[in-house]
Structure formats: structure tokens, C-alpha cells
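Once you scroll down, you'll see the structures, which are given as C-alpha cells.
Here come two complexes built around chain A, the first alongside chain B, the second alongside chain C.
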Partner chain A sequence: MTFEEIMSLSPYSLNKEEKGKLLTERLMELTRHHLENCPEYRRMSEAVGFDVEKAEDYRDIPFLPVRLFKEMDLKSVPGEEIVKTMTSSGTTGQAVSKIYLDRETSANQQKAMVKIVQDFTGSARMPMIIIDCPGVVKNRAMFSARGAGILGFSMFGAKKIYALDDDMRLDVEGLKEFLENNKGQRILLFGFTFMIWQHFYKELVRLKDEGISFDLSDGILIHGGGWKKLISEAVSHDEFHKRLEVVCGLRSIHDYYGMVEQTGCIYMECEHGHLHASNFSDVIIRRPIDFSEAEIGETGIIQVVSTIPESYPGHSLLTEDEGAVLGVDDCPCGRKGKYFKINGRLKSAEIRGCSDTYADKFK
Partner chain B sequence: MQINLNKDLLNRVTFLTGSAELADNLSAVPPMIPFEEKIIDLLNAVSAEIIKDPRSRAYSDVITFGFWIRKGSVLKLKERFEINDNALHLGKGVVFHIAPSNVPVNFAYSLAAGLLNGNANVVRVPSKDFPQVGIITDAFNKVLAQREEMKPYVLCVRYDRDKEINDLFSSVADVRIVWGGDRTIEELRRSPLPPRSGEITFADRYSIAVIDSESYLAAEDKKRIAEDFYNDTFFSDQNACTSPRIVIWTGNRTAEAKEIFWEEEHLLAEKKYNFQPIQGVNKLTRSFLVSAAQPGVKVVEHRDNLIVRVTVPELTETLMDNRDNCGYFYEYDCKDINDIKPVCNDKRCQTIAYFGSRESITPLLMSGIKGVDRVVPLGRTMDFDLLWDGYNLTQHLTRSIVLE
Partner chain C sequence: MSNLEKYDQIFTETFEIGKADLEGLKYQGIPAWDSVGHMTLIASLENAFDIMFDTMDVIDFSSYEKGKEILSKGEYGVDFNA
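Here is the complex of A and B:
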């Protein structure tokens, strides 16, 4: 099974059996590739007694904790083939993940993403409003997750405008003009959940009070980056949807789940509020106590597998996120595959001991 | 001016025992004679309060401290630590203690050590609101209420990390005792001490266990051994400086012994340990990091993530850079005790907990190593003593007046 063959399929077309077969075939192939080409990966697999020849299912492939990519440089291609290094957007002082991409993996990330997103937006490119500041993509040498997300989604935009300036202020005039020029067309909006709330939604509310309002009822908003900050402001998923509709008529709103360690095969939220795994990837929920697979509906740690990573051994990863599979193949939206929800980050451990913890120090 | 400044600063300090007024007057408090009657009496009374407090029952660490400061126990310490050299001995004066923020009772031992050696103490207790801290400071308050003259010697304080307050207490300290590891030490070092003052620092350390397989298999009470090992490790999330991170097996029946030992330990951990999901991820991460770094590492197949064991083909100097906690153990089959030298010849190595013969470890110690301050039986790694972490606390907390 090559990546091209997976590409040729409609992204949510395979049922459980078909997808299981496809994933097992492709992921075993990737496992062999990484075993041969990444000495660290081989040693890790040997340490846990993994034998690729005896493995029968993609669920049996070892999963690497995402944090490993912060601690080690892991690649499965010679250094000169690396064309891009992606980094996670950690807060200052924290270690960041480093993901090494060659031409092939980088291209496949883009192709997979196009395929997935077009299932929601259609294949025509649309005028696009990026709800962020242009500064975030300026430094191309190091791609932060935020920058990478913006660049990734920019593929879907015909004409683009950044809605915020580098001081994170809404460009009211620019926005007015852009909407005027693209009247009657469907508009794509993209941004990070918290930025949208803080610098876009709140500003729209303020402007509305002053009598300035925008009509985005023909828009489709894709947003990602997690809910942590919004939860701390007590804004729920439903609230987010409702309030945006009230302020600017936006109804088509899709969250996505994704991570820099597996760029490309993002998990999009459907019209029924469910995150979906496409043919390119899957989620497996693991029980924290023994990493066995959880039942449908049971909360656990999210493992993600992806058919894309060739240049680095990131095809099977254990995240630090918690969630639950809601069902397989039977979402009312009609898309096949698993659909699931994310509950948020795992709580960091409260541990005893003589040596004060870092977190404690900076409390 | 100075006085007003102190008042403002002291407003940011909560006094669990003592008061801002007493703190402002610390440098005028006269040192006492180590182990003198009024000190022993004070601690014995506190001990009685602690032991009779019904709240203490839930906290074995509080009870253990209660017994440690009882008269009988203190008199034994007096016998061992009183210096008999014709000189006169007095406390150094003021001791400023920074207790670790995540061990509930450690502050109390530090305080007792300061008191027994004749000093006035200002102790920064953990920032976290452990019930144990309240039980112990309540007992002190009750006892001090009837002993006005002892009040200036016992100041238990709580404040957020605050350099200005550290500066203030450091400026009057004759000795500063810093628990909490490398980062805390680094932070406190930014606050200067007076020229003649000294410092005792408890840096980041690690410990190991050496178990003789044959002695273990011959032992009757394996449940008891499992409890002992639990207290050495899981009880403090295997994250105390005294917690063994490596289990070194000696003798000829290691495979057999390991199987029973870990089975017993697992039963206990299942019953008593509060497992947190992130711990499983942490242990997996650590075991992969070490496997990637060193060939020949094996993660022992495990039923669940309570106990993760990683077998290493040799003990290297860098292995302990990769330590983890909450039930994460390296294991090594040792043929010759000198094989473990790389982890012991390191200043960070603190305690060897042993089961079996202590004598078999002696050749290693005699070979000249930089680490290892204690060799104690399994189950006793946490037992506090005035000889701690390589320091004779009495010598550091007293001064001698030569009489000729």
C-alpha cells in the first residue's frame, strides 16, 4: 500500500474493516522503514521486545510519547534530505518538538490536508480571512505550529487578508474593504480558537455596540489550537458557536485537532460536533493504567497513528491528551471511520519528593 | 528606616508559630547549650501533643516525627552527638531553614535539628497547605503558650517565593539550611549571608538499593520487605533524595528473587498507590529515552504501568541523568560489587539501601568513591538523623568556645 493509493480514495470512505487493513499494511511498512533507517527507533523497539514480523495489527506497533521529539532528534533520512524543521509552539523556556521533514513527507502532509479540508469546504478556493497577525509567519526558517497552521490553510484561500495587525488589533477598515470586494462569495476564515475569541469575537461585539457590524453568514470558519484558555474563561463549545452566530451570522464553524508531530492528517469537526479520523490516520484510546485499548465511550489517553511520516519515526504516537471515541462508521454526518472527542490535556503529576518541582517554582 | 522596611516585608509573611515582632528581633535571641534541659522538655511536650492529637493518626509521617522528638529518643541523640572535648558548646545563633515545598514533615526535622543544637529558628514551611504542617505547628503553639521564653526560638513561616524576604532572613542567619534541591539552592544563593555565616545545602541526590537474591529468597516475611521497599520508594513518589532509583541484584538466584519481589511489590502498590495517568506516559518516555541512548536496554514486560522496570546491561555514569519516579526502576544483575562504581562514584549518590550483607558493600566504599553518604537497611532510607546527607548537623549548627 503506497501513500498514493490512500490519496486516491475519498478521505472518509473506508469502513472499519477496510481501514484496518489499509492502516495495518501501510503502518507496518512505515515501521520497517523506520527500524531500518532510524537507529534510535530500532533500539527503542528492541527494548520493548517489539518484533515487526510477528505483529499482526497496527494497534500492536509501539507508540512513542510525543515528548520524545522534544528530547531527541529523531529522523529516518540522511540530514541533507531534510528540507524543513517544524517546531511546536511551546511557551518561552520550554523545550519544543523538532520534526524533520524531507520533500516527500512535507508534500504528503500538504496533499493529505487538502484532501481532508476539501471534504468540508469543497474544492474551489475561496477568499480567505486569517484571524491572526502577519508577523507569525514571517520567520520561515523555523516553522512554529501556529505559522505552519496558517501556511497550511492558506492553500485554500484565493485572496487572503490578515484580520489582525502585529499588535493583535482588528484591522476594521481592511476587513470592511475585503468583504465589500468579495460580496456574494463564500468566505473562508481560519484562526486559533483563543485568538478568535479574544481578538476577533470580542472586538466584533464592541464594534456592534458602536453600530459597526459584519455579515459573515456565508462564511466557513476553521479553528484549532485547543480550548484550554477558553475553558478558563468559561466559554463552552456551544457558547462559542452561538455567540459567533449572534455577532456576525457565522454558522459553519469547524474545530480541528492536530499536532505538529503529525502535521497534515488533521481531525476535522463535522456538522454534528464530532472530530473525525480520515483514511490517512486514526486515533486509539489507551487506558492510562496499562495502555490497553479502551472501549467506545471510555475516556483514555489518545494515541494517534498517521500514514504520512517517512522522514521521522512519528507514525505512531502517544499524546498527552485525553479523549474518547464516540463511535465508528456511524456518525450522522455520513463520514466513515472513528469519531471522537477531546477532553483536554492530562493533568501534570503532583508528586512528593525533596527536590522542588519546576512548576512549583514558577507558580 | 530599617525597621519600617522590615515591617513592610514581614507583612508578606504568615507566621504559623511566632510573630513578626519576634522575627524582627531574631538577632538578639541568645543561643542555648545544645541538648539542654529546656530544649528536651519543649520537644518532649510537643511530642506528647502530636501523639495525642487524633488528627495525627492518619499521618504516619507525623507520628514518626512525634516519636523522634520524644525524650527517650532525644537522649539517645544527645549521647551520640554531644561533643565532649573540654570546650564549651553553644548554638550558632539563628538558623534560617528553607524546607522542600513538596514534603510535608521535613520542615519539622530541620527545625528540631536547629533547636536541639541550641539555635533560634526561622523555618519556611511548604507553600502547599499540607494538614501535617498544621498538626505539628498547632502542637508547638500549644506547648509554647506555656513556655514564653522558648517562643523566640521557633518561628514557622510561610511566604510565596520572595527574594526580599529571603534576603531579610539570610541577613540575620548564622546558618542557612536549604532543602529543595539544586534550583532552590540556586535561588537562595542570590541572597547574601553575613561573612561568618555558613550554609548547609541539600542538593539533588539519588539513591540505590542493593538486594542479595539468596538472602531475599531465604527471608521469611516477604510482605514486610515489600512494605519496607514501598516506604523507601512509593511513599514519597520515589522522588525523595533517599528513594532508590536502581535495584542492584547480587547473588546467584536473581531471576527467581526478582519475580517474587516485584510480584509482592506490585500487590502492595495496587492496594496503596494513587496512580496518576500522566505517570504512565512519563515512565514510557523515560524508558524510551534511555533505550535510545544505550544499546542493550530492556524494558521488562509489565502487566500495567504501576511499576516499570528497565534492565540495563551496565551501569554508566550518565544513567542517573535519566531518572524518573513514581515506580520507575532500573535493574542490574551484579556479579562484582565494584561494577556499580560508576553510579556510586558520583557526588549525587546519597544512600545505598541494602538487603542481605552490608559487609559485601564495604569493598566498594573502601575503593575510594566520591558519592554515598549512607548505607542503611532496606526500609530505613527515610529515617532522619543528625548525620544527614553527609553532614554532621551538630558540628555545623554549634560553635565551640575553647577553654584553656
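Here is the complex of A and C:
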């Protein structure tokens, strides 16, 4: 199973058996590739007693803790083939993940993302409002997850406007003009959940009190980056949807889950509020006590597998997020594959122990 | 100005390079043609030729030569011999 063959399929077309077969074939192939080309990966696999010849299913492939990419430089291609290094977002002083991409992996990330997102937006490129400031993509030498997210989604936009200035203030005049110029067209909006709430929603509410309102009822909003800060402000998922509709008519709102360590295969939220795994990737929920696979509905630690990573050994990772699978192949939206929900981050103390000691052994 | 001249000029202006650098030039081959530079290039080409690329073509646009091939396709119809 080559990546091209996976690309040729509709992204949510495979049922459990078909997808299991595809993932096992492709992920075993990637495992062999990384065992051969990344000495650190090989040593870690040997240390946990993994034998690729005995593995029968993609769920048998060991997972690396995502944190490892902060502590080690992991590559499965010669250094001169690396064209891009992506880093995770992190506060100052915090270690960031470094993900090394060659041409092939970088292109496949973009292609997978296009297939996934177009299943929600359609194939036409739309006028696009980026709910962030232009400054975030200016530092080209260092690619933050925030900048990479914006650039990744920019492919879906035709004409683009940044809704915020570099002081994170809403550009009211610019927005007015943009909406006037693109009247009657479907508009794509993209941003990070907390920034949308803080710098867009709250400002729209204030403007409405002054008699200025925007009609975004033809818009589709894609947002990501997590709910942590909003939950601390007591804004729930439903509240977020409801309030945005009231203030600007926006009804089509899709959250996504994704991480820089597996860029490309994002998990989009459907019309029924469920996050979906596409043919390109999967989630496996692990019980924290022994890492066995949890049942449907049972909360555990999220493992993610992706068919994309060739230049770095990131095809099977244990995240630091907690969630539960809600069902397989039977979401009312019609998309096949697993659908799930995220509960939030694990308390860092719980995972720091195992990942750090895990990594230390191999230094 | 011919279509080829127009195409070349967008490359040399976007990436601040000379005409002699164009042949064999690849995406990620020079620092200026990174993902930010790529979107600038795409926007300039769309304006100059009054077209709108399909998203997959934005991604497949991986070299100076590949770009010509994409623009020559039926849906865009840019004739580089004209």
C-alpha cells in the first residue's frame, strides 16, 4: 500500500476491516523503514522487545511518547534531505518538539490535509478570513505550530485577510471592506479557539452594542488549538457555537484536533460534534494502567498513528491528551472510521515520569 | 510581454533572483521559496494570469518547470508559446 493509493480514496470511505488492513500494511512498511534508517528508533524498539516480523496488526506497533521529539533529534533520512523543521508551540523556556521533514513527507502532509478538509469545505477555494495577526507567519526561519497551521489552511483560501493587527486588535474597517467585496460568496474563516473568543467574538459583541454588526451566515469556521483556556472561562463547546451564531450568524463551525508531530492528518469535527479519523490516520485509546486498548466509551490516553511520516519516526505516538472513542463507522454524518472526543490534557505529572525515564535510557 | 516573460518576471520579483536561476528551480530549493514564498508566488500568478488554482495544483506546483506544465493545462489555458 503506497501513500498514493491511500490518497486516491475518498478520505472517510473505509469501514473498520478495510481500514485496519490498509493501516496495518502501510504502518508496518513505515515501521521497517524507520527501524532501518533511524538508529534511535531501532534501539527503542529493541528495548521494548518489539519484533516487526511477529507483529500482526498496526495496534502492535510500539508508540513513542510525543515528548521524545523535544528531547531527541529523530530523523530517518540523511540530514541534507531535510527541507523544513517544524516546531511545536511552547511558552518561553519550555522545550519544543523538532520535526524534520523532507520533500516527500512535507508534500504528503499537505495533500492529506487537502483531502480531509475538502470533505468539509468542498473543492473550491474561498475568500478567507484568518483570525490572527500577520506577524505570526513573518518569522520564517522558525516555524511555530501556530504559523504552520495558518499557512497550511491558507491553501484553501483565495483572497485572504488577517482580521487582527499585530497588537491583536480587530481590523473593523478592513473586515467590512473584505465582506463587501466578497458579498454573496461562501467565506472560510480560520483561527485558534481562544483567539477567536478573546479577540474576535468579544469584539463583535462590543461592536454590536455600538450598532455595527457583521453577517457571516455564509461562513464556515475551522478552529483548533484546544479548549483549555476557554474551559477556564467556563465557555463550553455548545456555548461557543451558540454565541457565535447569535453575534454574527455563523452556523458552520468545525473544531479540529491535530499536532505538529503528525501534521497533515488532522481530525475534523463533523456536523454532529464528533472528531473523525480519516483513512490517513487513526486514534487508539490506551488504558493508563497497562496501555491495553480501551473499549468504546472508555476514557484513556490517546495514541495516534499516521500513514504520512517517512522522514522522522513519528508514525505511532502516544499523546499527552485524554479522550474516548464514541463509535466506529456509524456516525450519523455518514463518515466511516472512528469518531471520538477529547477530554483535555493529562496532568503533566502523570506522564512526565514515564516519558522522561523512557527517553533517558537511550541517551 | 509574452506569457513566458510574465511568468519569469513573477519568479524573479517574488524570490529576488536572476533569470539565470530559474531553470531547475525547486520548491524549498532556495530560502525565499519556502511555504510563505509559495503562497506569495501563487497569489501573484493568479493575479497576473487572472486564474484561480485548484488546491491540489497549489501543492503540486513544486518547481519552475512543473508550474509551466500546470498553467498550460486546459482549465488555466496559459499558452507559453504566445
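Note that the second predicted complex is superposed on the first by the 349 of 363 C-alpha atoms of A that agree within 3 Å, B and C clash if a C-alpha of one lies under 4 Å from a C-alpha of the other, contacts with A are read in each partner's own complex, and residues count from 1 in each chain.
The criterion applied here is as follows: contacts are C-beta pairs under 8 Å (C-beta built on N, C-alpha and C of every residue); 3 or more make two chains touch, one makes a residue touch a chain.
Please read all numbers here as calculations on a predicted model, not as lab measurements.
In the superposition on chain A, contact is made by A:72 with chain B only, not with chain C.
In the superposition on chain A, contact is made by A:64 with chain B only, not with chain C. Of the two partner chains placed around the shared chain by superposition, chain C is the only one that A:154 touches, whereas chain B remains out of contact. Look at A:185: by the touch rule set out above, it reaches neither chain B nor chain C.
Applying the stated contact rule after C-alpha superposition, one finds that A:213 touches neither chain B nor chain C.
Contact with chain B, but none with chain C, is seen for A:346 once the two complexes are overlaid on the shared chain. By the touch criterion stated above, A:13 is placed in contact with neither chain B nor chain C. Of the two partner chains placed around the shared chain by superposition, neither chain B nor chain C is touched by A:85. When the two complexes are superposed, the chain touching more residues of chain A, out of chain B and chain C, is B. Overlap of the chain B and chain C interfaces on chain A: none, as no residue is touched by both. Contacts from chain C toward chain A in the complex involve residues 27-28, 31, 34-36, 39, 46, 52-56, 58-59, 62. Within the complex formed with chain B, the residues of chain A that make contact are 40-41, 43-44, 46-49, 64-65, 67-68, 71-72, 288-291, 301, 318, 320, 322, 346-358, 360-361, 363. Chain A contributes residues 83-84, 103, 106-107, 110-111, 114, 118, 123, 125, 137, 140, 151, 154-156, 158 to its touches with chain C in the complex. Residues 100-103, 106, 127, 161, 179-184, 187, 202, 204-205, 236-243, 275-282, 284-285, 287-289, 291-292, 295, 297-299, 301, 303-306, 310, 325-326 of chain B touch chain A in their complex.
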